[in-house]
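Both complexes below contain chain A, partnered by chain B and then by chain C.
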Partner chain A sequence: MSVVTILQNVFTYTLVHDMIAASVPIILACMCAVISRQVDIINIAAEGIIMFGCFFGVLVSYFTGSWLLAVLVSMGFGMLISAFMGWVYLKYDVNIFVLGLCINMMGSSGTRFLLQTIFQTSGNFVSEKVIPIPRINFSFLEGNPVLKSLFSGYTVTEWLVIPIVILIWFMLYKSVWGLRLRAVGMSEKAAVTAGIDVDGKKMAALIVSGACAGLAGAHLSLGYSCLFIENMSGGRGFMGMAAMQFGGANPLFAALGCLIFGLSNSVANRLTPYGIPNQFVTMIPYVATILILAGSVISGRIKRNKSESAIRA
Partner chain B sequence: MAKNKSEKLDSLLRVVTAFAFALIVLSIIIAICGHNPLEAFYQMFRGAFVGKFNLGSTIEDFIMILIIASGYSLTKRIGYFNIGLEGCLYVGAMFTAAPGFLLPDMPSFVIIPICLGCGMLAGAIWSSIGGVLKSFFDVNEACVTIMLNYVAISLTDYLLNNPWSAHSAAPETPHVQAAAMFPKLPLAPSRASWTILIAVIAWIFVYFLTFRTTFGFKLRHVADNPRFCEAVGIKSKLIILGTVMLSGALGGLAGGCEILGVYGNFMQNFSLNSAFYGILACQLVRNDLKLLPLSALFVAFARVGGSGMEYYTHIPKSLIDTMVPLLVLFIGMDKFFDWKRWMRHFKRKSVGKKPIDTNC
Partner chain C sequence: MEKIVEMKNIHKQFPYVKAVDGGQFDLYKGEIHSLIGENGAGKSTMMKILYGMYDIDDGEIIINGECVTDKKYTTRDAIAHGIGMVHQEFMLVKEMTVLENIILGSEPTKKRSRNIAIDFEEARRKIQYYIDNYHMAVQLDKKIIHISVGEMQRVEIIKALYRGADILILDEPTAVLTPQESDKLFEILDSMRKNNKTIVFISHKLKEVMKISDRISVMRAGKYITTVKQSETTIPDLAKYMVGREVFLNVQRTPPKAEEVMLEVKDLYVPSERELSKIRGISFTVRKGEVVGVAGVDGNGQSELGEAIAGLRRVEKGQVILDGVDITNKSPLQVRKEGFVHIPEDRNDRGLNGSHTFADNMLAAEIRNHPYSRFGVINQKKIMDEASIRAEKFDIRPRDVSNIAGSLSGGNAQKIVVARELGAPTKKFLLAAQPTRGIDIGNIEGIRRMIDDTKRDGVAVLLISADLDEILSLADRIIVLYEGQITGELVNDDNIDEGELGYLMMGGGRENG
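Now for the complex of A and B:
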């Protein structure tokens, strides 16, 4: 098969739908990283909170049959975990990376334990009683396969992502609350001097980020799929963190970064049947993020050196 | 950091209280699951230490955790959170295995140093990416190294599927030549080998380096005050880079010991976050190098004993896997478990106003 045919099979219009579906959990995880980064906390615990979100989404949906309640419980649980994190971090000054690492490991093994004790299975959990998040289909697009693929068949949470990202951007950059939040992140001492409750702001940011990660988990187990698998987060929390770095903690740019991750994931999935080594495609976003991260820091340093030398001269 | 005796005792007491608290939480969860906690602990102990296979499995785990924890301890001392040890482990394991099956047959004393040397070099180079970015450009190490973990996993995945594939059903590389394998310990069915000597040497090396050499002196001071170090002529950037590379080399060595001591070839996903347990082992004793082997043994005991417990009492092993990070958290927030403070708190409810926090 020639390269052109393979590319034609890979880059079709359905790729857009795949890309968006793959990006949405990453975008939600990314918002978790963005908000906590704005108060100068590097939150690597998204991975663990997503796992708990996935599990509690399936659990509540299974026992109550309500997807809305499941999503809310997942978000609430995410907030609870990040409130605990904030308490431990702010009051007892535990290293935030160690804290995040512990939460991640507990997320992976804790959900396995709950799966084994509550549902008496291991590996994965599928049931017809688990009610997924409904998908929105537009009947007037049925005739046109391209438009149908582009706009129809997304879950409620996938549509919700757009207002969530814009809301977070608005709250961070256009509201007083966000201004104070960013002040805490930029210069903690200045924020204290200005009379801002620093610990309160950090706690608030962590709790909101926990809600985002919990929503990501619920979407992953109830919207993206309709089951629970061990370790189903599959590094999405870290991808979100990478995208946060990519977008410089700005929700809009970071969400764009997530789309790149989603694109590379879906292209890698589509390349697999052709026997092309897809590992390099999966690697691209990580390598790109490292390069962008290094590039932005280095260029910033050169700029600063130039301006300083101008002052001296 | 000279503490007086009563302070040390207090700190020990807090840690013991935290440990006891974690144990109580674990017992309560086991009791809720409908099992006898004492029985479970007994089976856990048996599953980790009694019998050749169990003891061997614990030692097998202990070897890797001790090497990783020694490597992590080095970077921890300069305030560099090396979560990238997992990536170093993968890269080091792959490049330890590669000379083993690519080179022609050689005697053991030639091929083993070549293999381990390649693995350590690969680990050092891999972690130097994060080290250079941290020391010269001040890029946050956690962000970079987490991504490098994924790049390392993808890279080794590519290598074992394409150029260095064994062409068998499972994704794995060919076996290394027989001479490259370490002899096994006399614990027959288990896979533990004499790589335990390497682990102990690595730990002694790190201890000696940190407390008995000029390099160690510099690295202990770089974290405290980098500007002072620059002023007195210690090149703090190079010290940071050197420490990170050494730590990566130890990560690679851990992967190499897994290959040459346990598996014999590189298999897909052979590690499954084991490097993170090494990090936990170091955090558990708060980077106290003297206690490191004890802590590594404890983590290995928890991991292996959990399997034994699952086998005999049907309490899932994942419960123990959840409790180990929780214990690390409890140890980290040990000030919470200061019972003297609680006593004071209960004695006089009105403690008075909080003093003004001067250093924000």
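Now for the complex of A and C:
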């Protein structure tokens, strides 16, 4: 098969749907990184919280049959984990990076442990009793395959991402809460003298970021798929962080960065059947991460050099 | 007049020092009350206590008849009691706009949004009132990093007024201003007094204090000394209260010898994060046995100039030549090898390693050399011996050089830096950046004398200082930096005109506007 045919098969209109589906978990993870970054905390725990979110999503859905309850429990659990992190970090001054690392290791091994204890299985867990997040289909688009692929068949959580990103942007840049939150992140001293409760704001930011990561997890196991697999977070937490960096902690630009990751993910998936060595294909999202980060660093440096220059205007 | 604040028998202990030891202070409505004292006398601590930033160990604070120290008293309470404070170090978020900075903490909100969204229009309207009423020009939509120091100060004042301050505490507000900007500030303060606002003016500049105050309180070494009416005192009296003895800060300057050029800066361009601090094409020379002073308001490129010469900041264009060797864009180590020594601007950041001993700090620049190390192995004894000699010579207290540098007061810490740099055996050129900033008067005198001695030994000295008195007492020639360009060069003799210096510091005399 020629390269052109392969490309024709890969880059079709259905790629858009795939890209969005692949991006949504990353975007939610990215919002976790964005909000923590705004209070000057590098929160690497998204990966671990996602794993717990995945597991508790499946668990609650399996036992109660309610996807909504499952999503809420996952978010709640994410908030609980990050509240714990915040408590240890703010009260006992434990390094936040080490804490994040612990959560990530626990996320991977803790869920494996729970999988074996509760479901007596390892590797993955699939069951018809797990109720997924429902998909919204528009029957009036049935006749048009292109429009149907573009707009139909998304899960509730996939649609929700749009208002979530906009809401976070609004809260950060247009609300009193956000102004104070950003002030804490940019200059703690100035925030203190303005009478702002710095630790309270950091805690609030961490809790909201935990909710985002928890939602990302529930969506991953109940919306993106309908099962639990060990280590199914697959680096999405870190891709979210990379996208956060790319977007300068602005939720709108960061979400755009996530779309690029989503695109590279789905292109990789589509290339797999064409005999390209699997190692190369699975490499694509990571290479994309490196390229995007390098690109944003280089363009940032060029911009900074230009604005700092004493010769150029 | 009605008494609105009274602080009685205040005590405050910090880990190493008793900062306030029986302090007292009071305020009558509508007065300007100055609080004076040397660095470390406890005046800032006293006012930070009034602003709720520090707890007190003992004492009583009464505001508008209410004893606020009965329960926990915080900054939030102080603001609620109408107290505002402009700190010496500005408390502004650099990456935010002037508008955002002013409203931060008490933002007007849109009612329709259930007070979630900020009402920026309402904020502008409110702030405009203060801008018009007190003639304080500020640019609301500029980020803090892009405005001048004088404007930052006005932003701080507006911020305090905007939060409903009736009592405004200004901590050394003129330290960063030119004489002209200071006059402007005094006009603002005067119009605030006419509006029945009460002002606390912290300073050690007695001329200014006499000019603006109604009453003056003096502190020394944490203790309350006295309170006098402006009309019933004089500058010499105040100086005596302040220091407890008579002091002469003006070091007797050694006359310069006309010798060959040691440092030459040619058409230098240096980048900066701040627009006004970019060095744009400056040239000058420093001769052997001469002190050239760089005067100017902080933030006009002085730091950038110093860092560029020291190899700490990239030079975009132009040349720095030290004794015939081109040191442009050389690493700090290479620059030092050419006989360059440097008292850096920020003692804690670049000058000292707080967790190392006096000895290690004093020999840090020479540790690669024999006899202090050989084949990479350090000879601790040689270091201790030399350090002890320098501790004696530069009068570092305590003398025991195995102490940790981080425990020292500002003055002695700076003397360790001086001992490292001026104690170096081979030196041709000294860059002294803000050498006496934040240290006590006794040590200021000592360090200035050491700089003058170095010059007498034939070293060329570039002195960068925001303290005009320091420049006038040490420099033989003065160049004035304004927005990264040289606005003038003056010879510092008996005829020097301080008014002209101030005019140059404000950008006067600059070609092409």
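Everything below uses one rule, namely that the second predicted complex is superposed on the first by the 275 of 313 C-alpha atoms of A that agree within 3 Å, B and C clash if a C-alpha of one lies under 4 Å from a C-alpha of the other, contacts with A are read in each partner's own complex, and residues count from 1 in each chain.
Everything below uses one rule, namely that a residue touches a chain if its C-beta (ideal position, glycine included) is under 8 Å from a C-beta of that chain, and two chains touch if they have at least 3 such contacts.
Bear in mind the structure is a predicted one, so any value in this text is a computation, not a measurement.
K.L.:
Return the chain, chain B or chain C, that is in touch with more residues of chain A.
P.N.:
Counted on chain A, the partner with more touching residues turns out to be B.
K.L.:
Quick one: classify A:175 as touching chain B (first), chain C (second), both or neither.
P.N.:
second
K.L.:
According to the stated criteria, A:305 is in contact with first (chain B), second (chain C), both, or neither; which is it?
P.N.:
A:305: touches chain C, not chain B.
K.L.:
Contact-wise, after the overlay, does A:252 reach chain B, chain C, both or neither (first, second, both, neither)?
P.N.:
Neither partner.
K.L.:
May I ask you to decide whether A:183 touches chain B, chain C, both, or neither, giving the answer as first, second, both or neither?
P.N.:
So A:183 only meets chain C here.
K.L.:
Taking the superposition on A as described, I'd like to know which of chain B and chain C A:167 touches: first, second, both or neither.
P.N.:
Neither: A:167 stays clear of chain B and chain C.
K.L.:
Would you check which partner chain A:192 touches, where first means chain B only, second means chain C only, and both and neither mean what they say?
P.N.:
In the superposition, A:192 contacts both chain B and chain C.
K.L.:
Touching A:109, do we find chain B (first), chain C (second), both, or neither?
P.N.:
The first partner, chain B, only.
K.L.:
With the touch criterion stated at the top, can you tell me which chain A residues are shared between the chain B interface and the chain C interface?
P.N.:
Touching chain B and chain C on chain A: residues 189, 192.
K.L.:
Inside the complex, what are the residues of chain C that reach chain A?
P.N.:
Where chain C meets chain A, its residues are 53, 75-76, 79, 85, 87, 91-96, 100-101, 103-107, 109, 115-118, 269-273, 278-280, 316-317, 484.
K.L.:
Which positions of chain B touch chain A when the two form their complex?
P.N.:
The touching residues are 33, 81, 83, 129, 133, 137-140, 142-144, 146-148, 150-151, 154-155, 157-158, 161-162, 273, 276, 279-280, 283, 316, 318-319, 321-322, 324-326, 328-329, 332-336, 360.
K.L.:
Give every residue of chain A touching chain B within the complex, in rising order.
P.N.:
Counting only chain A, the residues touching chain B are 42, 44, 88, 91-92, 94-95, 97-99, 101-103, 105-106, 108-110, 112-113, 116-117, 122, 188-189, 192, 198, 235, 238, 241-242, 245, 277, 279-280, 282-283, 286-287, 289-290, 293-294, 297-298, 301.
K.L.:
In the complex formed with chain C, which residues of chain A make contact?
P.N.:
These residues of chain A touch chain C: 170-171, 174-177, 179-180, 182-183, 186-187, 189-196, 305, 308-311.
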